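One structure is given below, encoded as structure tokens.
The chains carry the letters A, B and C, assigned in the order they are written, with residues numbered from 1 in each.
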Amino acid sequence: MQFERAHNHTWRKIKSGLACGIAFVSAVLVISPLGLVFFYLLVNGAGSVNWDFFTKLPAPVGAVGGGMANAIVGTLELLAFAGVIGIPIGVLGGVYLAEYGSARINSFLRFLADVLNGIPSITWGVVVYGLVVLRFKGFSAYAGGLALGLIMIPLILRTTEEVILLVPNGYREAALALGVSRWKTIVHIVMKTASKGIITGILLALARVGGETAPLLFTAFGNRFWNHSLSQPIAALPLQIFTYAISPYDDWHRQAWAGALVLVTGVFCVNVTVRILTRGRTASVV
Amino acid sequence: MAASIAVEESSVQARMARPSRFGDKAFEWLTLAMALTVVVLVVLIGWQLWRGSTLAIQKFGFHFLTTSTWDPVAEQFGALPFIYGTLVSSLIALLIAVPLGIATAAYLTELAPLWIRQPLVSLIEMLAAIPSVILGLWGIFVMIPWLRDYPFPFLKRFFGWIPLFSGPIYGPCMFAGGIIIAIMILPIITSVSREILRSVPDLQREAAYALGATRWEATRIAVLSYAKKGLFGAVILGLGRALGETMAVTMVIGNTPQIAASLFKPGYTLASVIANEFTEATTDMYLQALFEVGLVLFGTTILVNLLAQLLLRTIAVKSATRAVQ
Amino acid sequence: MENLAMETTERSVIERAEQRSAPPPEVEAPMACTFQVKNLSIWYGEKRAIDNVTLDVASNAVTAIIGPSGCGKSTLLRALNRMHELVPKTRMEGTVLLHGENLYSSTVDPATVRRRVGMIFQKSNPFPTMTIGENVVIGLRLNGVRNQRFLDERLEKSLRMAALWDEVKDDLHKPGTSLSGGQQQRLCIARALAVEPEVILMDEPCSALDPIATAKIEELINELKAQYTIVTVTHNMQQAGRISDYTAFLYIGRLIEFGPTTKIFTNPSEKQTEDYITGRFG
């Protein structure tokens, strides 16, 4: 009897250990693609990331060498344009949700923003195609930037709202009690206090849309040369990687790996910056 | 001296600008207008997709969803292969990602040593940050050759008698698409599940431990069963992402509009047919049909997301969804 | 020297009060009064927080509002500079006169009221993104004062009045949050003084402080009443006894008793007041 109970207990212990083991293996499996992707990016891409890559235009088919200078600049231009649209709308919209409005309407708007965040990014490409490309008869940097900017709006809106809600009410009251008007209190006290969090949200959104390809396929379209006018098609790093990856040429494949390495490095740099920023934020707000 | 101080004093209030109600009103209206863009955007997407596909909707009607001919030359368009491909690849992804994601979430909140938790969470957030196109690139050149050489022949040898694993192995195929989607949605399923498990009150755990439960028993009885509804929400949220995943899938799924029993055969999804053929759509009807595919995709993801949001509503998972969006 | 300055400011405050409005007819109140609260009732939604309160707040004196928690002390205090309006769905009846001027008249902007009636909060709240110096003058700055020389003057004067100048004069560029709890609270007092209000409301200003810091604030309150009218909420009875000239006892939104502190504490006329003060409930 005694023995049996002990035996039962051991079995339960073993089962518990086994479950822990399985969970551990799952965790390893989940993060293994990260390591594998990074490993192959370095192996296949590092060799082709050189001075030419950052300064030259793509080489014609068959010619060796060339770079992605136009695509890198193009991505930055697109991000700048997207930021002009997405940042003010997202930030101010987030301010509204956090500071004004009735609970009912706000939860509805919040809900819509979450739904928008779940919409496939290619949908935005189709919509902007109908809205801009068809209307103005051509692919353009404007269209690409708009598509990315629209994606940013709900992302930034939600993060801004969240960090503004974290600002203790005492600061609002202190400013209002000095006879400062509501909007100045929000802009100079509340938003300033939450600025690190707001910037974090903006950076994350930029990093996210900077790696987007689908919304650019038929808006920015891509360009093998420099873009001289925002109403012309423009190259972007993720687009170029896609074009090269599905091409049949080995040299282009190498360029695709190099481009991917550069893009991932950029995205990860932003993420690390954000991590450092947020560490500061939690310290100062709490 | 004294008199001048008195003047200074009384002028403090006088020096301040008169408060203006206009500034307050203007700022409130401005921010309201910005917040309302989310409504505008939802309406805009629906309206644009609808307008872009009216002709196709009129011409094909309900048959668009139920026929499987996709022939741009003859202008016959049926989206069934894409719907099928989207559903099957998403299902494969969920079958892989849900157990792994929830197990990892349980590991992160309940079972793992404390020092390992934060680094693991950071790594998962990094995985979420990898752009889809880069995962696709890796899929084409690393994952597919490996799948083709090792696991697929193995599956075929032992399970070839099941139609799912029969037929020739090409490389790009439905199965590969499902796996790449699984990798894409693992971070969100894991993070949201983790948030949900964290929101389980400690009282639950303590009660289980007090009854002499082992670590796993406490996790299973007290935590996982308590969080069932929320975890289901996480899965649905993952499904929403899976349905709309575009670039990586387009690069590995093979892009052939067919409905085949074997997972080793190429497939096509709603998102990837848009990505692939949109710029090639030479005729109006072709473009219309692609807009309608977009409409179907939009409608489906919006419904799935609505469901997920409703399921997750009561639980504070905001920060998790943000981190991995 | 300091005495002289104090006298002049005192005079100027009174002069200003007289300029602003004709002195209210003082029939019943023997003392000069800053606030006249008449039949004030306040509701939060359906809940009545203040029930028909009438009282006069004496100028250049400390008035303490005491009562068990939830009795409406803070609401009454906040009604004096319209801060209670920040809570959605509040409704009020009655009038609050500041030197005879109705604070709630439709032509009065709450911002103007709050400039004249400053407030100190339970938890010190210097703005975390600003230096000590910026914290003090932020009220003036955001209210449109640009003259740097004037701001510098106000900075020093306010910090001196808050008895903080000597401690921080070399650290004005350091963050306001780098100060100790008691110093932070005095910084908040300096911030409120910088816009030169007529009244300072204090909502349990010492409840988060240690005894030494509390003593300093109490001393400061005692000095400030020469120039300002002070209304403070406290649930520390000893403190009310130490610092206040008048005491109002509030219970479930009703003003039970109001009078000179010495009388309230030694010879209250209401049974409830006596019970509360002797610690029988609360």
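Heads up, the rule we're going with is that contacts are C-beta pairs under 8 Å (C-beta built on N, C-alpha and C of every residue); 3 or more make two chains touch, one makes a residue touch a chain.
None of these values were measured; they are calculated from a predicted model.
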Task: Would you mind checking which chain's C-alpha centre is most distant from the centre of subunit B?
output: C
Field: Chain whose averaged C-alpha position falls nearest the assembly-wide average
entry: A
- prompt: More contacting C-beta pairs: B-C or A-C?
  reply: A-C
Mean-CA-position distance for subunit B and subunit A (Å): 14
Field: Inter-centroid spacing, subunit C versus subunit A (mean Cα positions, whole Å)
entry: 48
Field: Gap in Å, rounded to a whole number, between the CA centres of subunit C and subunit B
entry: 54
- request: Find every residue in subunit C that makes contact with two or more other chains and list them.
  value: 111-112, 115-116, 143, 195
Message: If a residue has to touch 2 or more other chains to count, which residues of subunit A qualify?
response: 179, 181, 184
Message: Two-or-more-chain contact residues of subunit B, please, as numbers and ranges.
response: 16, 19
Message: Residue numbers of subunit B touching subunit C in their complex, please.
response: 2, 5-6, 8-10, 12-13, 15-19, 21
- line: Given the complex, residues on subunit C that touch subunit A span 81, 83, 86, 111-116, 118-119, 121, 123, 125, 127-129, 138-139, 142-143, 177, 188, 191-192, 195
- prompt: Touching subunit A in the complex: which residues of subunit B?
  reply: 16, 19-20, 23-24, 26-28, 30-32, 34-39, 41-42, 44-45, 48-49, 51-52, 99-101, 103-104, 106-108, 111-112, 120, 122-127, 129-138, 140-142, 183, 186-187, 190, 214-217, 219-220, 237, 240-241, 243-247, 251, 271, 274-275, 278-279, 290-291, 294, 297-298, 301-302, 304-306, 308-309, 318-319, 321-322, 325
Field: Of all residues in subunit A, those that touch subunit C in their complex
entry: 168, 170-181, 184-185, 188-189, 192-193, 195, 284-285
- line: Note: in the complex, subunit A contacts subunit B through residues 12-13, 15-16, 18-20, 22-24, 26-27, 29-31, 33-34, 36-37, 40-41, 44, 88-97, 99-101, 109, 111-127, 129-131, 150, 153-155, 157-159, 162, 179, 181-184, 186-187, 201, 204, 207-208, 210-214, 217-218, 221, 238, 241-242, 245-246, 253, 256-257, 260, 263-264, 267-268, 271, 275
